[in-house]
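One structure follows; several queries about it will come next.
Going by the order they are written in, the chains are A, B, C and D; count residues from 1 in each one.
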Amino acid sequence: MRRALARVSMSIAILAAASTHALAQTTTGDADVERKADLVTAYKILVNEGILDSFGHVSVRSARDPNIFFMPRAMPPALVSPEDIMELWAPDSQPVDPRGRRVNGERYIHGEIYKARPDVMSVIHAHSQAVIPLSLTAIKMKPVIAQAGFLPPETPTFEIRDARKDGERGMQVTNSARGAALARTLSSYPVALMRGHGEVVVGSSVKQAVVYAAYVDINARMQTQALLLSRDIVALDARELFTPEEFDINRPWEHLRQKTLDDAAKAKVDRAQFGLDQTQTKR
Amino acid sequence: MRRALARVSMSIAILAAASTHALAQTTTGDADVERKADLVTAYKILVNEGILDSFGHVSVRSARDPNIFFMPRAMPPALVSPEDIMELWAPDSQPVDPRGRRVNGERYIHGEIYKARPDVMSVIHAHSQAVIPLSLTAIKMKPVIAQAGFLPPETPTFEIRDARKDGERGMQVTNSARGAALARTLSSYPVALMRGHGEVVVGSSVKQAVVYAAYVDINARMQTQALLLSRDIVALDARELFTPEEFDINRPWEHLRQKTLDDAAKAKVDRAQFGLDQTQTKR
Amino acid sequence: MRRALARVSMSIAILAAASTHALAQTTTGDADVERKADLVTAYKILVNEGILDSFGHVSVRSARDPNIFFMPRAMPPALVSPEDIMELWAPDSQPVDPRGRRVNGERYIHGEIYKARPDVMSVIHAHSQAVIPLSLTAIKMKPVIAQAGFLPPETPTFEIRDARKDGERGMQVTNSARGAALARTLSSYPVALMRGHGEVVVGSSVKQAVVYAAYVDINARMQTQALLLSRDIVALDARELFTPEEFDINRPWEHLRQKTLDDAAKAKVDRAQFGLDQTQTKR
Amino acid sequence: MRRALARVSMSIAILAAASTHALAQTTTGDADVERKADLVTAYKILVNEGILDSFGHVSVRSARDPNIFFMPRAMPPALVSPEDIMELWAPDSQPVDPRGRRVNGERYIHGEIYKARPDVMSVIHAHSQAVIPLSLTAIKMKPVIAQAGFLPPETPTFEIRDARKDGERGMQVTNSARGAALARTLSSYPVALMRGHGEVVVGSSVKQAVVYAAYVDINARMQTQALLLSRDIVALDARELFTPEEFDINRPWEHLRQKTLDDAAKAKVDRAQFGLDQTQTKR
């Protein structure tokens, strides 16, 4: 009953958002096949770039039902294949049909962000080693490279101590309350750092989230290195930030994807598994 | 005679420990085959991660006899295969049956830790380049990343000058006295840094030790980089440290292992050599 | 008409330059085939060295017509193949015959430099992560390594804020005015850094530009790291700078090219060629 | 005549040295075949470790005639094969029989060191990026890691400005006078840094020189990183330095060699697509 109610209220919010930015999006099962294919590619890219380590995870919202999101079972990112993808119910971050598969302990990051941000279609949680040092200090990440113009002037850093209830332990986002607190820190931004942990990056598609995650990684490294040289560095100003429409994500997506295919052995998996058009994949 | 006595007293200590944490562990020869297989995989992972260089080494305690541990002969880590594994006698760190193979000069690190720490089933000695800079300063390693919650608030650094007798020379742990001094510095911790040398990491299994070593490497790099940005950084607090049960080591183990298999050429060795179940290896 | 005029006046400037340095250069179509081949190789080398990321680009001037330059369509650098190369008209940076292919948004960097610098035969725009931190500070890049003697005592840094007209936005060089401003900052130098963006490197051939780009990357990293150690570092003096004739670019070009071919060939050579004992080599 | 005299006086010095440390060394042509094989392997290892870039070089003294040393022609290190090895005459660093091959411009580094140091059997000149930052400052390299105990308490840094005659230009060691000045800075040490340029490393064999070069690289990186954390770091003391007999170079040599053999297959694309001459590509 609670589920059904949540489903209705959430669907309304999502539909409102969808009307402005996702009209062209097909909402059939086929669109979901494509989203899952992108999800698997996202894992390959982010592992290859050293952004996803043993514990990061990526999800995508269903095109068919905005209360559903897809996410691999609890497993090493380097091993993710289409069969590992589970369906989760955003309102409570529980699996729709686990069939014995172990669900990811930090799925609440994803569920709570999908609830709070109807505009978000994909969520990445990574432990980028370029980002963590900044997260341990009082220094805020700022956009400093041309490709990081999607960032706000200052990216917020999530402090889990503020979200833990009395007596609670742990660094991980293992329940809805913590996930909701993280979503509040994220606010309307595309990225939040997480102190001592990594970052969460969201996008209007898997591709956008992956490309943003890649540039967050580079931006953090560049800002850090520049700060070691001088405390007086130049960040992007308001005229240098950009809107999503001004940033062609397909080029970095295909570039990063090609890097994962460099080796014949790696080339076998991928979209082909879903029977998708290979010519399209080629470029 | 001395051997027999040591064997008895040590077996008692080990059995006591075993009763609390290793009851499920089979203690047949088959368990040792599996441990040796993990040992070979450990070498592959740690070389691949850049943690083991030309001189690091890993050992595992026998499931059959707690006074016995397995360790490759003196050789380059990148070349270790099952045939290179020797049996050593923990009480004096001497080979059971050398058969002409050259034994590792720093085997005392392993033997002395197995003597002092009945809970320890595997020992890694590495020369991690992320760890060495910290070890050269008065700064102590602290847990700063979410996955390093197995570390104590401050990891001790071993100073071999305190362990060398009058007139003795050298940085290496080449006798029982030095090994015992290192074991005292290690105390009940999972890790000790070694000044100008690297680190020793121990675990209740090869897998745990390998995963801990991987996160020690990342944690040290993150702490170092953060300290260059600011002297005021946030370490994990008591509520953020975790117990072994709270940390799923299988996921990073399989992730790191998969990274070593990326290339078909590399995939041939490994557990297959031991006739172990391949399906099991697959995931 | 404007095109025809520009063509004539530019051709005169180019021919003057050509008389001093490019007489031996054939100006037939075959020379252009070779230049395009070098262009594709340049992409492979610069991607392999981590200098070209998702958005960098390289061009080469036509040997047949100095108003023409060759440059791949808008695409990921890792995917560039001969079929992707387009012909552009230097005076206005527009494609000669797009045939539906999307032209690169920052082609004005190339067109304006070819207009301003008749001596330049190749232009690279990269986002080198070694260069960006310096570009964010007031510190100027100086030549500090033996192989960077082609650099001026101080390399200029381009600030796009000085080139943007009132109300204009963005970090990218997306029109002729911005390209011309960059060309003015570049002046007669081989390199200009671009604040928060990367660098532009030019050469009298694709090979020279690629080799210069590789050493700019190393020089910036070495200067940065040295400055973290000490503010008092030694740069090359006037007697240590060199002229292009004093620097053999073929050696680094072939070395970097070979690195992209790294492979089976590598494993084959070795001691086996000498008929030495293979068992011995094995261990 | 001058050659003959130099040959005699040098042979005497070498023979004296040989009597103490190289008696077991065969001095037949077969020993030279093995030395040349090691030389080719040295190139593979040092390129793979990132120590030899486009311009480094390695040589080995002949076992047959101490006035002769072997060194590849002027060429990219990644391409060196047995056929590229030339014979040079140590007293004047000139090729014995060039047969049209271009001799390396910095061969004087090798020749002058072989003249000054009868104990040296192999010379490496590299541009290690770990070493260069230190060389640009007044900070001296000190041994800080256990495996760098072959280093003196302070490694000298060569300043070519002190070796250049009035009016001379350039950073490179392109004549005997500069080579001799470098040999004087090297003195009886195994290593000298070269300001803004790299280092020279010598050994009693190719293997020793390669292993020393690998640990110089790591030691410099560790010292640099530690100095960024704290100006108060611990270097090895007199009791922690070691003699060559105390350091097993075979293990790192075989380990590093194995790393060069790890993979296969990458090489197909490239200029072949254009139907360009493959022989040309080969070199």
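One rule holds in what follows: a contact is a pair of C-beta atoms (placed from the backbone, for glycine too) under 8 Å apart; a residue touches a chain by one contact, two chains touch by 3 or more.
On a predicted model such as this, the values are computed, not experimentally measured, just so you know.
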Fraction-based call for subunit D against subunit C, same above half, different below: different
Centroid comparison with subunit A (C-alpha atoms), farthest chain: D
Interchain centroid distance [CA atoms averaged], subunit A/subunit C, Å: 34
Euclidean distance of C-alpha centroids - subunit C vs subunit D, Å: 31
Between subunit A and subunit D, centroid-to-centroid distance (C-alpha), Å: 48
Interface hub residues of subunit A, defined as touching at least two other chains: 228, 263
Subunit C - residues contacting subunit A, complex: 53-55, 74-79, 127, 129, 132-134, 136-139, 161, 164, 168-172, 195-198, 224, 227-228
Contact footprint of subunit C on subunit A as seen in their complex: 144-147, 149, 214, 218, 221-223, 225-226, 228-230, 232-234, 236-237, 239-240, 242, 246, 248, 251-252, 254-256, 258-259, 283
